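Have a look at the structure below before the remarks.
As written, the chains take the letters A, B, C and D, and residue 1 is the first residue of each chain.
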Amino acid sequence: MGRPFTYSRTIHFPDTDAAGVVFFARYLSIVHEAYEESLAAAGLPLATFFADHGVVVPIAKSEASYLRPLLTGDRIEVELTPTRLSEHSFALEATLWKQISGTRKRAAVTRTEHVCIHSTTRERLALPDALATWVDAS
Amino acid sequence: MGRPFTYSRTIHFPDTDAAGVVFFARYLSIVHEAYEESLAAAGLPLATFFADHGVVVPIAKSEASYLRPLLTGDRIEVELTPTRLSEHSFALEATLWKQISGTRKRAAVTRTEHVCIHSTTRERLALPDALATWVDAS
Amino acid sequence: MGRPFTYSRTIHFPDTDAAGVVFFARYLSIVHEAYEESLAAAGLPLATFFADHGVVVPIAKSEASYLRPLLTGDRIEVELTPTRLSEHSFALEATLWKQISGTRKRAAVTRTEHVCIHSTTRERLALPDALATWVDAS
Amino acid sequence: MGRPFTYSRTIHFPDTDAAGVVFFARYLSIVHEAYEESLAAAGLPLATFFADHGVVVPIAKSEASYLRPLLTGDRIEVELTPTRLSEHSFALEATLWKQISGTRKRAAVTRTEHVCIHSTTRERLALPDALATWVDAS
């Protein structure tokens, strides 16, 4: 049980919408980037799951609270905490921190549920060992 | 109290990701398109809110359950039901239906919370009359 | 040789960026939507190409001139004209028209080159018959 | 006259489409990220231009050649070279390099033209000094 994985990123212009801030759905894309980076840091690039024929891990649910607007040029950090839900699923809790002059404040908190299934039959499968290890070690 | 507003759309290639299906965050963008179309159909184009100096209606929370994958070429319908939450907020419940050979099945259900605030002070404001009417009439 | 295919669309909030207008790269995504709709109207849904194992038609080049800003709520029309370049490639010229109070003005013109290749060997292939027919008939 | 600015980035899942690779228009978004990072590295965050009332620098033209597919997990580098075109415009040439086992190969080359205008009158304006310095120093 270690510290949560942290992913740092700058907000770019294509992340924003005409209200001048990051569009709400985009927060979830950014969390997914952090999830990919966390897997890659553990030697588990997402691409390999697709190479493992028949195993996909789609997101079944998402929840998000949007607490602060994010603007072009903002520096953010995403902290991730995965939690095992069952043999074939896990939850991922994320906090997006916005850096504000030396301190940081929460810009959003999200929770996603990931379920391992067979890509064609859509039947539930046990998490691949490497993914299970990543979930349980975090 | 009428029937829910329905927005029809085809899934396009840029909506999808490398898993061959619509990325989960994108479902929420599609719901937002439907929301804009519903406002426009009521004579309330979203652009006018921004012209009303100082009033923005950001999304404070979102929840979604992703029930079926959506592929390029799929025809979908989005049904929207707004519900008043308070003087300055409302919820929007959406169902995304996927058309499958003459019938339709739920591809996702979402719920978003929209809060009216002042664009600079970020203080809560009462919903503009036209928006309140749209919420309460639906 | 018929009239160019026309695709109509409203600009939505997620299409825009913090400058309040459609991000330049997004014009090309919208052209791709029009291209998909044109193929679908000809009975050639893009999804079928991927089902034809081994044949993909990636875009090798793009050019665009951005002439007018597009805002949330704008109604646009995209006109497409494909032109055969070789046995295994074609160009697609597109004009994006912005509807302005009863008339329309050009918002952008684009040109993309599409090359048919084998998905794994990346070798050039002749255009599939149905696609060649669509190109040559336009 | 220095070396070109280099921006490094990993390709993430939301960057890709159902063909399993980065959608062609997305290459241009990634170039824009690099442009923003280059400006920020020179002490010129893009957000400041919008704060300078009345000055915007939209992209008037783009050209791109897509040479190699980019997949989720790929590491890329973007090299930028700005060139002055006139008192109120400049071109930005970009090369996207894909890192392949110790070496790197070109994934795309792009060229964009950026024109300084007044945000409401849309009349051409001289480049702001700081931006002109950035262009001419590169």
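Everything below uses one rule, namely that a contact is a pair of C-beta atoms (placed from the backbone, for glycine too) under 8 Å apart; a residue touches a chain by one contact, two chains touch by 3 or more.
These figures come from a predicted structure and were not determined experimentally.
Peer 1: Which chains lie in contact with each of chain A and chain D?
Peer 2: A chain counts here if it touches both chain A and chain D, which gives B, C.
Peer 1: Determine whether chain C and chain D, two copies of the same sequence, contact each other through the same residue numbers or different ones, counting it as same when over half of the numbers at the interface appear on both sides.
Peer 2: Since more than half of the residue numbers are used by both chains, the interface counts as same.
Peer 1: In terms of C-beta pairs in contact, which of A-B and A-C ranks higher?
Peer 2: Between the chain pairs A-B and A-C, A-B carries more contacts.
Peer 1: Copy of B-C's interface among A-D, B-D or C-D, judged by over half the contact pairs being the same?
Peer 2: More than half of its contact pairs match B-C, so it is A-D.
Peer 1: Let me have the rounded angstrom distance from the C-alpha centre of chain A over to the C-alpha centre of chain C, please.
Peer 2: Distance between chain centres, rounded to whole Å: 32 Å.
Peer 1: From the C-alpha centre of chain A to that of chain B, how far is it in Å?
Peer 2: The mean C-alpha positions of chain A and chain B differ by 23 Å.
Peer 1: Would you pick out the residues of chain A that each touch at least 2 other chains?
Peer 2: Correct list: 13-14, 18-21, 23, 25, 29, 32, 71-72.
Peer 1: Spell out the part of chain C that touches chain A in their complex, as residue ranges.
Peer 2: Those in contact with chain A are residues 13-14, 16-21, 23, 25, 71-72.
Peer 1: Flag every residue of chain A that touches chain D in the complex, lowest number first.
Peer 2: 10, 12-14, 20, 29, 32-33, 36-37, 40, 45-47, 71-73
Peer 1: Quick one: which bits of chain A touch chain B in the complex? Just the residue numbers, please.
Peer 2: Contact set of chain A toward chain B: 18-19, 21, 23-26, 28-29, 32, 50, 56, 58-66, 69, 112.
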